[in-house]
Amino acid sequence: MILGVSIYEILSLTTILFFIGIYGFFTRKNLISVLMSIELILNATVINFVVINKYMFPEKLEGAIFGIFIIAVAAAETALAIAIIINLYRQITSVEVDDTTTLKY
Amino acid sequence: MSFSSLLIMRHEMLLLVLILLLIAGEIFIPKHKKSSLVHLAIFLFGIHTAVGFLPADTETLFGGSFRTNDMIHLFKNILNVGVLILLLQSADWITDKLIGAEKGTEFFILLFSSLLGMYFMISAGDFLMFYIGLELSTLPVAALVAFDAGKRKSSEAGVKMILSAALASGISLFGISLLYAATGSIYFDVMAISMTSSSLSILGFVLFFAGLGFKISLAPFHFWTADVYEGAPIPVASFLSVISKGAAVFILLILMFTVMRPLIDAWQNMLYAIAILTMTIGNIFALRQKNMKRFLAYSSIAQAGFILLGLIAGTQLGASSIIYFVLIYIFSNLAVFGVVQAISNKTGLEHMDDYNGFYRTNPMLSLIMLLGLFSLAGIPPAAGFFGKFFLYTAAASEGYYLLVFLAVVNVTISLYYYLIVLRAMFIRTNDHPIPYFKNSLYMRLGLALTVIGILAIGMYSPIYEYIHSISSLLN
Amino acid sequence: MNFSYTILIPLIPFVVFLILGLNHKRIKPAVSGYIGVFGLMASAFLSYFTAYKYFFTVPKIDGIYQQITHKTVWMNFTDTLHIDMGVLIDPISIMMLIVVTTISLLVHIYSRGYMKGDPGYTKFFAFLGLFTFSMLGLVLATNLFQIYIFWELVGVSSFLLIGYYYTKPSAIIAAKKAFIVTRFADLFFLIGIITIGFYTGTFDFETLNDPTGEVITNWASTSFMGLSVLTWALILIFIGGAGKSAMFPLHIWLPDAMEGPTPVSALIHAATMVVAGVYLVARLFPMYYFIEDGFALNIVAYVGGFSSLFAAIIAITQKDIKRVLAFSTMSQIGYMMMALGVSGYDGHEGVGYMASMFHLFTHSMFKALLFLGAGSVIHAVHSNMMGDMGNLKKYMPITNITFLIAAFAIAGVPPFAGFWSKDEILVAAFEYSKPLYAVGLIVAGLTAFYMFRLYFSIFHGKKTAYKHTPHEAPASMTFPLLFLAVMSVVAGFIPFSNFVTANKEPFEAHLNYPLAAIAVATGLIGIILAYVFYKNPTEYPAKCRKAFGSFYKWAYAKFYMDELYFFVTRKIIFNCVSQPIAWFDKNVIDAFMEGIGSGTLKASEKTKKMQSGYFQDYAMAFVGGVVVISIVLIYIFKN
Amino acid sequence: MDILSLFVVVPVITILALFLAKGLKQSRIVAMAGSLVQLAMAFHLVYAYVKERAINDDIMVFMRDVVWYEDFNIHYAIGVDGISVALITLTAIVVLAGVFISWMMEDLPKEFFVSLIVLATGVYGFFISIDLFTMFVFYEIAVIPMYLLIGIWGTGPKEHAAMKLTLMLMGASAVLLVGILGIYLNSNADGGPLTFNILEIAQVNIPFAAQQLFFPLTFIGFAVLGALFPFHTWSPDGHASAPTAVSMLHAGVLMKLGGYGVFRVAMFLLPEGAMDWSWFFIILSATGVIYGALGAVRQTDLKYINAYSSVSHLGMVLFALLMLNKTAWTGAILQSLSHGFMTALFFALIGMIYGRTKTRDIYKLGGLLKVIPFISVVYVIAGMASLGLPGFSGFTAEMNIFVGAFQHTDMFHRVATIVSISAIVVTAVYILRVIGLMLMGPVKSEFKDLPKVRWYEVTGILLLLIPITALGVAPLWISDLIMESIKPFIQGVIQ
């Protein structure tokens, strides 16, 4: 609970963060940047969980724990994604989104 | 944690042991004998599958995070059988392609990890367990998709898969957080009680649903499917379309019928639209496909649309027909993928036109293909007919006649492209048809199991009746 | 009295048909001819025996000949309505039995000579057997449906026999035409039958024809467009009869039917089948007479009268001897129809009916004779055209004499058969309506004229040089000619009114001398004119032709009826109905069905771009889907 | 094992035996043996049925009921009445004839016979079922082999034709499926359990609104297979491309499923719906009758002519069924039988002619009577039967239909009836056109030496010709058999 800051403000922030992530996902031309956008989305979510827990249901720690797990899983996810991107890079020496469109229709 | 609680997690524990054994095997088996690892893995998994059929109790663990009952048990068994058949069918591919590249064990470990994730996902009693299971089931598959490390397509598919999956899970999580806000808990039991049809919970639900819709590849969350299937190695595509989708359907079923039950008015309307959209898009896109994997991807999208028919009904009948349908779908799709894989293993050909005149050289495989496709298309006496019929009945009994009508129209469209494959195999002739080849024992066993499954599940009614009786556990 | 053995009369020819038809490759021609002849002999004998037994041994009740039936159910429609098969013995059916078996027997005998050496000899006899069977079945029918069944079979045997020379295109067309035109008429017949069946609950002649029965007393119960439904039904049935009997305007098939072998023309298209229509009306005469006071019967009379005049005019102009005879047949049948139409019912009022039957009887004899004679001529000359003939009396004395007798008979010269029957018809017509009488008289004159035109052109006239010298036909062909010639002389002396009358009660018919004298005079004028014109080659015919100008041309072209039909069928039905339907089927209905398929495929191609390959596009769809669903659910459905 | 189940079991055994057979010689022997057994069983069934009927008053006899899917109340329920017995016999005869006609099937003989017998299995099963679900299963089993049969062994644009036929029929069965589900889900209207059993549903008063909704679905679903206008276009293309035996079986037997289904399911279970909708479908079917006939007049391909003729004749079946009275229904069943034999015979003959001359264009053919007299004469006979000549089966059937249709006195029915009757003239036109152009006329030089007819062909022809004549000459027995079985159905409609 942060004094003077209501849950609405924080939730607005996380929502904005979430949509920035989405926007980034849509528009970034570099795979790594896309990955970063995803991190934004996940972070928004984590904040959501923690804030909801703290502001609305403070008697249990479900949200906070959930947040921790998300952080952990997100790390794994990122690692794997990076690995695959590197794998791709080794073949086409590019991490551009435009180069990942051979599979289509 | 007592020993008995280990027994409750029998599937998970055994699979974990299996994974560890395989790691040990990787370490201790000398390089030139690595191929025996395949036999070992299949053998062990066979035992695992068999043990899975032993009766189990209804229990919960970890304060309700993990729960199991006969129905969940059945889900896991269904997945086990599917994976076993898949392993049998992929044994050749693993031996030929992976063992040499020293990636055989990794393949098994990743596959089994994913399966483990599914176990947890299905058994989840809260959203945390569900989320972990979901990620555990998705991430290894993404790695598997990119497993053909030397192929650009494979890597590209991997990238698409992991990024899309990450986005999907991110959105889904955001939805879960909203649901958490709406209900104050992440435990299914608690949420089911405190869930109301508020805007917040509907928003949360939709966001959450998108994540699972992604796994089941429902329109409009399905776009990754075709690209990923095409790029992935066939066994992985097969795994994605059969096991991964099946597991997601199971958990979706559980969630929809329990936690989301209060929102039923909302999701029935939503599913109505999504079902039609999914079937139609899957079918329309499948019509022009020439690559078998891509073709099957769209086919599996269309099939997913049918599953929703049972879901919409929201009744026990709907639930049991979904489970039944998924079971049949696993067998049917594995039969088709098995044949595609057999051909691809021997010749590397995946294009439909390469199949021209196939029947005249390889009648057995063609007949299996025919059976599998008929089952997918819902032609009796293949089991697919029964599965679809029961789904229709479930939907129609709730008055969704129009939806059923649109579904059957879609079946007719789907019949067109299934027949195109048969046309290539049976009707068309080829100056240089694929020559006759003999399949390994594993492959034959894998295909034989699918054939038995396709024929028996439909005609032998006790299977359905068991499913029906067990599906009452949902409520 | 048990007459059930009469079933054998039709069955024997049928057995002959089966034997010859199934073994037509194995049986030698000579044998098959004998099988046919002996079979028919048996039938004919049975018919004569039946006639004797019926007329002379069965006691009359109240002076009325009984009607004897033997029947069995063949098929059930409803609880009350069913088709029976059986035999019905009454005066007209016996008369027809005699006619059919006699003529058929003679034609069989004649054909042994005429068809000698034909590759399809056995087949020919088989067909004759089939025809005889069907015709006899028709004659003996106990109910409307049975008559219809045999009616159709007669039609098909006629088709087979007309198309006997099936490699000849004109024969094919003629056969098709005969079948289709009669079938078109049968359509009305069938509807008529069904109507009667529906409104009266029976097809049975006994019930239908009972003058005191429910059907006739109660005809007004249901009406349709101002007339009783039964009248409509009778008109429809008459259309069927008109088709078979070649009444205007359904006559067009008959002249073409002459493409068949000549014995066939004699049997089917002169003596037996074409009079089936007359027989049909006669069979239902009480209905025709009583229902709606004979409204339908009037139609019969006028159609008959018109047809007879119409055909007689055409007959004068034709050059093909068989066509002349064909139109003559049409004309004479019109006569019979007219006679039925003008007839009353009781006692002497029914003289028209009696006359019609009488004329049917005598006509069958002399017309068969004419045809067989013509066949003999054609056999000798190898041509049908009058122009190729002349002065044949030198070569073919028997044919000449018999033909002359027949010509006298048809011209109504006493004491030949035609005189007696024709006279009665004119008497009946005179009593009924003067215009019809006038028509009858004109036709009588025209008949005499064209018949002797024919006779003189063939047997007298110019001396023609023949490639092969014509010679008299063999005995198998001349015997029937002689027999029929005798019949043409003596048949007129049969006291017909003692046997066949409208109400089955015999009466005494008397010659009406003034009318007879007028008729004979008219006939003689015709003969004399023909003598003047054609005995020796003269200028008169050409002058006459010129004098009549376009009327002659029209008559020669048979008043363009063929062309009219041709126009309707080919141009209108084929081109304006059938062709468009074929087009419509292919380009609208089928195209629509195909369009569903190809449209789906096109949709598939069009939507291809949706799967662009950019996973960001996929994500947009994903998020877009989520947003749309959320908005819709929250703002539209959540209430 | 009850006698009816044998009709499914024996074909299945035949199929298994066929898988063991090698080459043409063995396959055809096995197929023939199997079909002969079927035929013998069919005759025995007729005999047994007549005997049973004398002592048994039920709607269906030889009933057997095994629970299949308990939760849905799906049973494997079988039973027959006179109608099914007659149609089963038809099937057995046509199948055997089909095997004989395919005696020289060189390409993939084993597979050919297997598909043929799979089709037959479906048809038998369909005719014996009295459970809607089982019926539907067999229906689909019967339809689907057509794809391979036409696709693999067909001629011309076979792929397209096969696809079109299959999709249109399966599309129809999709519609049908909805109808069946509708019936099923309304079968508890009187408070009983949901059931698929036809006899049980017939006792239920399904609400009028439901009848109104599901009758057209059920009707169209079945009637497409019966070539209902305007859904008939699969038939000409399909038949033109199909191999001989397949055309025979398809037109002769499979298309009968349509009329039978309409009768057994749509009419029997939804009588009020039938009455409510009959005007609409009468228009369609009467149009089909005359339209098919007129369509046949301008065709030049023998198979197309016959296909359109089938549209006309089967339109008559549907038309008769819609008349909703005993006479017309008897006529409909008789017409089904008659058309089955007739059209099978036609296709067999066309196949033989095509096999010899390599063309089906009637303008290219000519004078065949001289060269192949047996085939040509039978063609003439078949043609005569087709145009409803007395003495052949077509006549008895059509007369029943017309007399039955005439029982309705209102103008609408009258007009429709007369339109239908007038088709008999058009039929005569196109039949005679074929006979005139193809069989008669001078012999063409290219057809001077055509191979003679072989024993197996003769056998096949006679198998079909004999019933046509028998039905035409002595219809009383069979029509009474059918009429007797129709009574309970017509009572349902009257109520």
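Should a chain be cited, it is by its letter among A, B, C and D, assigned in written order, with residues numbered from 1 in that chain.
In this section, contacts are C-beta pairs under 8 Å (C-beta built on N, C-alpha and C of every residue); 3 or more make two chains touch, one makes a residue touch a chain.
All values reported here derive from a predicted model rather than from experimental measurement.
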For subunit A and subunit D, what is the smallest step count along a path of chains that touch one another? 2
Which one chain sits nearest the middle, judging by mean Cα positions? D
With centres defined by CA atoms only, which chain is the most remote from subunit B? C
Nearest whole angstrom, what separates the Cα centre of subunit B from the Cα centre of subunit C? 78
Subunit B to subunit D: how many Å between their CA centres? 42
Distance between the CA centroids of subunit A and subunit C (whole Å) is 97
Measuring from the mean C-alpha position of subunit A to the mean C-alpha position of subunit B, what distance in angstrom results? 27
Multi-chain contact sites of subunit A, meaning residues that touch two or more partners: 22, 25, 34, 100, 102-104
Listing for subunit D: what residues touch at least two other chains? 163, 167
Using the touch rule from the top of the page, what residues of subunit C touch 2 or more other chains? 597, 608, 611, 613, 615, 619, 623
Chain pairs satisfying touch are A-B, A-C, B-C, B-D, C-D
Quick check: in the complex, which residue numbers of subunit D touch subunit B? 68-72, 74, 108, 133, 137-138, 140-141, 144, 147-148, 151-152, 158-159, 162-163, 166-167, 170-171, 174-175, 177-178, 181-182, 184-185, 213
In the complex, go through subunit C and note every residue touching subunit B. 597, 600-601, 603-605, 607-608, 610-611, 613, 615, 617-619, 621-626, 629-630, 632-634, 637-638
Touch list for subunit C against partner subunit D, complex: 73-78, 81, 83, 145, 148-150, 152-153, 156, 159, 163, 166-167, 169, 171-173, 175-176, 179-180, 183-184, 187, 190-191, 194-195, 197-198, 574, 577-579, 581-582, 585, 589-590, 593-594, 597
Can you check the complex and tell me which residues of subunit A touch subunit C? 22, 25-27, 34, 97-98, 100-105
So, in the complex, the side of subunit A touching subunit B is made of residues 18, 21-22, 25, 31, 34-35, 38, 41-42, 44-45, 48-49, 52-53, 56-57, 60, 62-63, 65-66, 69-70, 73, 76-77, 80-81, 83-85, 87-88, 91-92, 100, 102-104
